[in-house]
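This is the structure I want to talk about, given as structure tokens.
For clarity, chains are labelled A, B, C and D in written order, and residue numbers in each chain start from 1.
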Amino acid sequence: MILPPIPTPFDGKGRLDTGAFQELALALEPLVDGLLIYGSNGEGVHLTPEERRLGLQALKPRKPFLVGLMEETLPQAERALEEAREAGAFALLATPPRYYHASLGEGLLRYYEALAERMPLFLYHVPQNTRVDLPLSAVAALGQHPKILGIKDSSGEMLRLAFYQARLKDFRVFTGHAPTFLAALALGAEGGILAAANLAPRAYKALLTHFQQGRLAEAQALQRRLYPLGDLLSRGGVPLLKQALRHLGLPAGYPRPPYPQESPFFGELLPVLDSLKEEGWIL
Amino acid sequence: MILPPIPTPFDGKGRLDTGAFQELALALEPLVDGLLIYGSNGEGVHLTPEERRLGLQALKPRKPFLVGLMEETLPQAERALEEAREAGAFALLATPPRYYHASLGEGLLRYYEALAERMPLFLYHVPQNTRVDLPLSAVAALGQHPKILGIKDSSGEMLRLAFYQARLKDFRVFTGHAPTFLAALALGAEGGILAAANLAPRAYKALLTHFQQGRLAEAQALQRRLYPLGDLLSRGGVPLLKQALRHLGLPAGYPRPPYPQESPFFGELLPVLDSLKEEGWIL
Amino acid sequence: MILPPIPTPFDGKGRLDTGAFQELALALEPLVDGLLIYGSNGEGVHLTPEERRLGLQALKPRKPFLVGLMEETLPQAERALEEAREAGAFALLATPPRYYHASLGEGLLRYYEALAERMPLFLYHVPQNTRVDLPLSAVAALGQHPKILGIKDSSGEMLRLAFYQARLKDFRVFTGHAPTFLAALALGAEGGILAAANLAPRAYKALLTHFQQGRLAEAQALQRRLYPLGDLLSRGGVPLLKQALRHLGLPAGYPRPPYPQESPFFGELLPVLDSLKEEGWIL
Amino acid sequence: MILPPIPTPFDGKGRLDTGAFQELALALEPLVDGLLIYGSNGEGVHLTPEERRLGLQALKPRKPFLVGLMEETLPQAERALEEAREAGAFALLATPPRYYHASLGEGLLRYYEALAERMPLFLYHVPQNTRVDLPLSAVAALGQHPKILGIKDSSGEMLRLAFYQARLKDFRVFTGHAPTFLAALALGAEGGILAAANLAPRAYKALLTHFQQGRLAEAQALQRRLYPLGDLLSRGGVPLLKQALRHLGLPAGYPRPPYPQESPFFGELLPVLDSLKEEGWIL
């Protein structure tokens, strides 16, 4: 399964653009297995609670979708969870509380258990953004919970994936780290939730299929081919992803201020995009 | 100047308790030079925008106060800034945007400049919580802005304070790191905004006065004396501070769930509190 | 190709035991494709120059072997390089200078170039021990040198292996990180130089063969099976490896003082060893 | 007490220059309270055991001196310790074993205890170079040993110095971090062992004297004045220190290859040196 974390479009003045959001979803959905909304590249943390609701209501995805939840406490998470459920998300994708992480202690387990009582969820480990750890012992403990379905791990740390593969049963793993995608598959990931899949959805699906059907050489060739795309997007983040989508004519809008509208990595990305496009891999 | 970052009380179910907030402020204000609201230990990031407004309206401090602002984007910061201004804060204390920090680039400067156009502010460097850097070069550039008054630096990294002292003119520095308080003063800090000053306000004021009046031996003795308090609070964070205040009979309430109501450091803190109390230093 | 980094035996008083060294090599060599001497687990940095020479002379391996070189400057490296060449090593395995790494600058490239003028070498990236980085840009530059054959990368960071795979031609990659072995193979590593291969040499060879012959399910099953062994050894280091070998009756001796003779991880390792032994995988 | 860590001169081809070493010591000794030989900036780790002996024999300092010891195991430390004792050092300055630090465990305490049985010593915490931690709990335990006199702490982490000041009795503390010198004094350090004291010995002695005699404003003014020198040297390391000394006509020689003969920071250092020289602070 390949899911793109769909970007949330803002206009040039930083206002949420629900029309563009809808349009972007319509363009992406046919090419992928579902969506992640308000996820790693979805700027969920850049929305007020009210905007968050408006965006979700506008979207109405037709394929299965996850909703990202990056709140700090349970009372704050309440509303976002309820809206995700009403909108029909099949699960939450929830980061740990982070601002006071050092004094969270057992609260980490309590947080996920309280959410999971209300709705199925995936753990979300994305230390590049949250800058906190989700210890393997906590993942192992939470993995026992019937409503905690698995994890999206964007760290790119394969030691973690080796642990999930060797130690956890019936635990679904998605990688969020495109440059090491094939390594994650070898260590048991079932798919990817990848920013790069907003741009080259069919390429990542092809890589996954090659791997699943034992065509290792083809999978390795495509991994090599896609490495620059995944690597650049993991360094350029939201500004680069949105700029690339705009360049391709998609209504991805701009990052919210003060984030820059243009990325210093775009010059490096252009030839990568162009050559992948020539081979038919872009959108 | 010694300011405590006043905690924001929640009741046992995690609801904001504005009455307790008011009461707590009344108890602390007479002992200090002012307050920091929604700061390092004020759980500003644990409030919805609406709660944030309610708390601030309830408080009505009589001494000068700062308001913490830990938002991710300018549109989100708008409302908090406006409310701080209306409430009469003399300045904001603003952390950098953090979730997508790696792609922020020049947006860091743009963020602070846009805020400072509207209201005087202090930069807020608290990497223990934000987990992002505020580079010295950015501090130096922003320090030129007439409405950027200075910085609260909670990192405890004295190399940064040595830089401010040697390189910046008319730049006000407060430390937020109690265990190294006297070192910060030696390197030019004018005071402290210290969680520990919620518990031992007069002791920190005395230390500051000893230093200012050249009584170095007395300052060193008090620094040694207060080290365990500052060190434990910097490790125990909000749960420990609130538990200590409750223990002393103050209406500090509880951390917001899933943060634990009791701290693993409290056992270690008790004898420290008791012996400081015997000497008359607690509240 | 699977190579174990053979441990260097010291007796209970910390004296180099060349007889045991010889015996240990004789026991291991038939089971593997060659040896790494004075490598990651070989305590090369624990020998005086004179001891280093004595050990190497005693060993006389019959299979191809690499010699580790962890010196700080070129004049110091001179003697070790000469002895490795005389002993018949097919290449050096050289870490970067580390004590003053921050001021090394272009000296990093100069170091490897000067060594490579004299003898073929592999770069050695083992940040767990050296605690310095070997930047990808430096690897790419050095990879052009005809006598720099490749790299042993023990970091376990798959992003690095993805880079080697996508960007470098004719560059041989060995992983030194057993817990992620299969991921490294998927990203183009040709084999492993693994502490765990001192204990389960045939198991790692079998995993490699499964992978090379497209038996992915078998490779994944063995990867899962071997994960605990690799993971524990990467945490327990030399004391654990030597204790495990002694437990199996091999003359691995003890770590040099003040390193402990027994590892806190041995209790956890025992059942892992036992169950792998039952399946016929140990030595 | 102000001690410079005297650099060890190598000629343009990387050979130890004992004549220059002697000459350099003669030039520095009259200006300082003693010397640190083979310390942080002394490239002790760049010498073979034989060279180490030759250098030490050539030096014959007349003032009290410390000898740095950066070995990995006790058997390796044996010879260096013996030679330091014979040469008349008043104490060793010893870093922890580092290459296999993660599996050192209690060996850390055993190492220092075994050395201290033979000769008085100071602990040496210089994580910029060793890249290992010397935990505060270990310092506290070792501080009880009658032959372990104190610590040189070059980390610049004032939290450590606050701990020493508050928790350890009769424990002598020297800072090795020039840019925060005054902060260290405020937290109880008795002096400095500073690379910058090779260049501006009298300035650091003056700063120390101002502080000791309660002239805080003068101490702060000199701290501000010396900050750029200390900061640049801490970033430029040995290549910069030697280049600066050569520029001043002192026979400091060159760093050992592959370390660069010239520092990228020298351009920035020149005006700092010049203006301090005008004020009479350089040598």
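A few comments on the model shown:
The definition used in the following text is that a contact is a pair of C-beta atoms (placed from the backbone, for glycine too) under 8 Å apart; a residue touches a chain by one contact, two chains touch by 3 or more.
None of the values given here were measured: they were computed from a predicted structure.
On residue numbers, the B-D interface is repeated by A-C, which shares over half of its contact pairs, out of the options A-B, C-D or A-C. Set against the Cα centre of chain A, the chain with the most distant centre is D. Averaged C-alpha coordinates give centres for chain A and chain B that are 34 Å from one another.
Rounded to a whole number, the gap between the C-alpha centres of chain B and chain C is 49 angstrom. Residue positions of chain D with contacts to 2 or more other chains are absent. Taken together, the touching pairs link the chains into one ring where each has two partners. Here chain C touches chain A in the complex through residues 156-159, 161-163, 165-167, 177, 179-180, 182-188, 214, 216, 219-220, 223-224, 227-228, 231, going by the rule given at the top. Chain D contributes residues 14-15, 43, 45-49, 70, 72-76, 97-100, 102-108, 110-111, 114, 128-132, 235-240, 255-260, 263-264 to its touches with chain C in the complex.
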